[in-house]
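Next, two complexes with subunit A in common: one pairs it with subunit B, the other with subunit C.
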Partner chain A sequence: MNLAEGVQLVSTGILGVFMLAAALGVVLLSNIVYSAFLLGMVFISISGLYILLNAGFVAAAQVLVYVGAVNILILFGIMLVNKREDFKPVANAWIGKAATGAVCLGLFSLLSSMVLATPWQLSTAEPAGEAAVEIIGMHFFSDFLLPFELASVLLLMALVGAIILARREYVPDDEPENEQKVLTLRERPRELVPTGGEPSEN
Partner chain B sequence: MSSGIDLQRSFIEILVSLGVPPGVAKVVWMPLPMALILIAATVSIFIAVWLERKISAAAQQRIGPEYVGPLGALQATADGVKLIFKEDINPAQADPILFTLGPAIVVIPVFVSYLVVPFGQNMVITDLGVGIFLWIALSSVTPIGLLMSGYSSNNKYSLLGGLRATAQSISYEIPLALAVLAIVMMSNSLSTVEIVNKQAEYGILSWNIWRQPVGFLLFWIAALAECERLPFDLPEAEEEIVAGYQTEYGGMKFGLFYVGSYVNLVLSAMLVSVLYLGGWSFPIPVETIVGGLGLSETTPWLQVILAALGIMMTLLKAYLLVFIAVLLRWTVPRVRIDQLLDLGWKFLLPVALVNLLLTAALKLAFPIAFGG
Partner chain C sequence: MQLEYFLILAAALFCVGIYGLVTSRNVIRVLMSIELMLNAVNLNLMAFSNYLDPAEIKGQVFAVFVITIAAAEAAVGLAIVLSIYRNRDTVDMEQFNLLKW
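Showing the complex of A and B:
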């Protein structure tokens, strides 16, 4: 074994331990903010594993999408709604925990038996390395065109949904004059009508 | 295209000729450029801080620092020493782990991004295939550190500052990435070295700024916003939220934020010069000058001079941009948060998309000029 292989082996070990420890922390810690930050660490470790697999572009994309966007949005959501309150202990909580543990163990054993039973066809081809970007692009616009376009439609739907949720419809200019002013966001009370109907006047 | 000076090869050859195995020689080499870049990045802070103080003083008709070192050049060192010796304080009921980790997470990605900044054909730590994309990915990690420090400070201004910083960073990342994408499309590569080489052919005339004027402005505005420089320093807007996520920090933890912001500014300036101003290349192609003087590019002393010239050009362009940023900071007022988000989403994003579309169309129509 030469030096490069040794470094790779040690890095794989360290990244794997980091990833597993952080993932366990995400699930087991009761502080949800810690869980969210540890989730970022899981993503970073996975991206390190991608680098060891010679997939630099996928690693960078992993950091950009999962750490830079998904994880930050999760944190944003948590921090905007997080109330530091002590929850009342639920009676017989151990039943839920035991059921969760049993389901997780079952899934784990099923997956590991699948991993062990499947005859994996290890590719002997050279890793694409730096040319990976071009190969990925070619696949996106040939045999993976449909999933690619479907994903973009999905994102568009999410975008439209977010805009509809976030858009505030302001009350027109006729201000009530003598009423005491309450400093709130001025917003028309939301009517319970489907939003996809005829366009409103503004 | 000359390959230029190759320190790594020469170093390894010298060690091998001394009887060291090639593998060991490479291992001995590897930490050297990293340490050098770390030191250079740290020193660049002192220069940037000195520039900031002197230029702001000149803009306000003051003198600025003048007693500490020649022309006050050691003022930043004095500040740094002061910060190091300050007591390390954790505020009451703050979360000590996150409070300590936050500044580190802000600083580390900035320093790691120096991996891809080229100072010459072979004067770069690694010529990664994903090059500039790595920088975009790494710069998206910073907001996590900001959120972390804002949240853990147990201070509402800190939390507001952290949330603002994140919102700003996410909004301006998109036009930034789209502006870079237009450049990548013209250069047919993500690698920073390749992007500079594509601009080297006709000297100053082939720099990307002439082909991407809109992209240059977009990138510069978005980069200033990512660095949280005025006019976009809302996350630490003094009049509104004390000092944003930095409010509760003192000593070297605050120093890390300070270091991070200036290193990030210099890094962004360097990347603007790499993407739009021809990186290390001289305004007149050096090949022409060398050929006109009747010299060979493989002459050792000439290679050293050309390498030094390349480093000087990169730094010169970068610090020119830092100068502009400092001047902007002391002349332009801060925008409001709604104006900031409007500018990002309703102006920069559509313009960046149109710019990308136009670049693609021009690339198809004029493949000679737009890197077909």
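Showing the complex of A and C:
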């Protein structure tokens, strides 16, 4: 084992430990804001693992899309549904948790034994490395053209659908006659929320 | 031996995601667990792409597609959560009895 392989192995181990610890934190911590920030740490560790796998472009896309968009979206979601409620305890909740843990451990042992038992046919071809962006672009515009275009349509549909779902629904009781028609999405008028400073009712 | 390390890491991440998906009560944490599982799949794809198909890297193309789908899923999922929260005034999974028998 030369120096480069040793460094690669050690960084794989460190990033893997970081990723798993943060993932366990996401699932097990009780404060959801900590979970959201740990989720960002999981994404960054995974992007480091991608760099170790000779995939700089996807690592950059991972940081941009996951840390920059999805994680921020989840943080905004947490802030928008910021309700500090104590969940009612469910009777015998530990049975479900124990069963789920057993199933997950069983699945993990099954998967890892399969991974270790399979004789993988490792390729000896030269990795694409820096040319990966060009090869990915070639794939996108030749043999993966249809999925690429479908993905763009899907993103547009998700955009419109998210706006429609998250909008406050407006049910017009009586159509105002002489109001000037403007091209806006009608929304139910929002209730005034008491701001901080004055004591709230509940 | 390197490929097995990545695959086992991805399997562990996937199992953590399943555990969180089933056991958590907050809806947003369920969405985070789904993201964890999608990332585990991505890690698998990238490991296969690097060790079994390093010249044509189709795995990276698939990983980009999965990232796209995950972004769309997060947006629509959070919109659904917001709209349910507005109607039911809770984020507890146990109290959502819509679409249950």
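The rule we apply is simple: the second predicted complex is superposed on the first by the 153 of 202 C-alpha atoms of A that agree within 3 Å, B and C clash if a C-alpha of one lies under 4 Å from a C-alpha of the other, contacts with A are read in each partner's own complex, and residues count from 1 in each chain.
Please note the rule applied: a contact is a pair of C-beta atoms (placed from the backbone, for glycine too) under 8 Å apart; a residue touches a chain by one contact, two chains touch by 3 or more.
Predicted, not measured: the structure shown is a model, and the values here were computed from it.
Residue contacts after overlaying the shared chain place A:2 against subunit B, while subunit C stays out of touching range. When both complexes are overlaid on chain A, the residue A:32 reaches subunit C alone and has no touch with subunit B. With both structures placed on the common chain, the touch criterion links A:154 to subunit C but leaves subunit B unconnected. Contacts of A:40 after superposition: subunit B is touched, whereas subunit C is not reached. In the superposition on chain A, A:61 makes contact with both subunit B and subunit C.
When the two structures are aligned on the shared chain, A:100 is found in touch with subunit C, with no touch to subunit B. Look at A:69: by the touch rule set out above, it reaches both subunit B and subunit C.
The partner of subunit A that touches more of its residues, comparing subunit B with subunit C, is C.
After overlaying the two complexes on the shared chain, residue contacts for A:122 are found with subunit C alone; subunit B is out of touch. The intersection of subunit A residues touching subunit B with those touching subunit C, taken from the two complexes, comprises 57, 61, 69, 76, 80, 132. Residues of subunit C touching subunit A in their complex: 2-9, 11-20, 22-29, 31-33, 35-36, 39, 42-43, 46-47, 49-58, 60-61, 63-65, 67-76, 78-83, 85-86, 89-92, 94. The residues of subunit A lying in touch with subunit B in their complex are 2-3, 33, 37, 40, 44, 56-57, 60-61, 63-64, 67-69, 71-72, 75-76, 79-80, 129-133.
Within the complex formed with subunit A, the residues of subunit B that make contact are 23, 27, 98, 128-130, 133-134, 136-138, 140-141, 143-144, 147-148, 151, 159, 162-163, 166, 170, 173, 190. Contact residues on subunit A toward subunit C in their complex (touch as defined above): 8-9, 12, 16, 19-20, 23-24, 26-27, 32, 35-36, 39, 42-43, 46, 49-50, 53-55, 57-58, 61-62, 65-66, 69-70, 73-74, 76-78, 80-81, 83, 85, 87-88, 90, 96-97, 100-101, 103-105, 107-108, 111-112, 115-116, 120-123, 125-128, 132, 135-136, 139-140, 144, 147, 151, 154-155, 157-159, 161-163, 165-166, 168.
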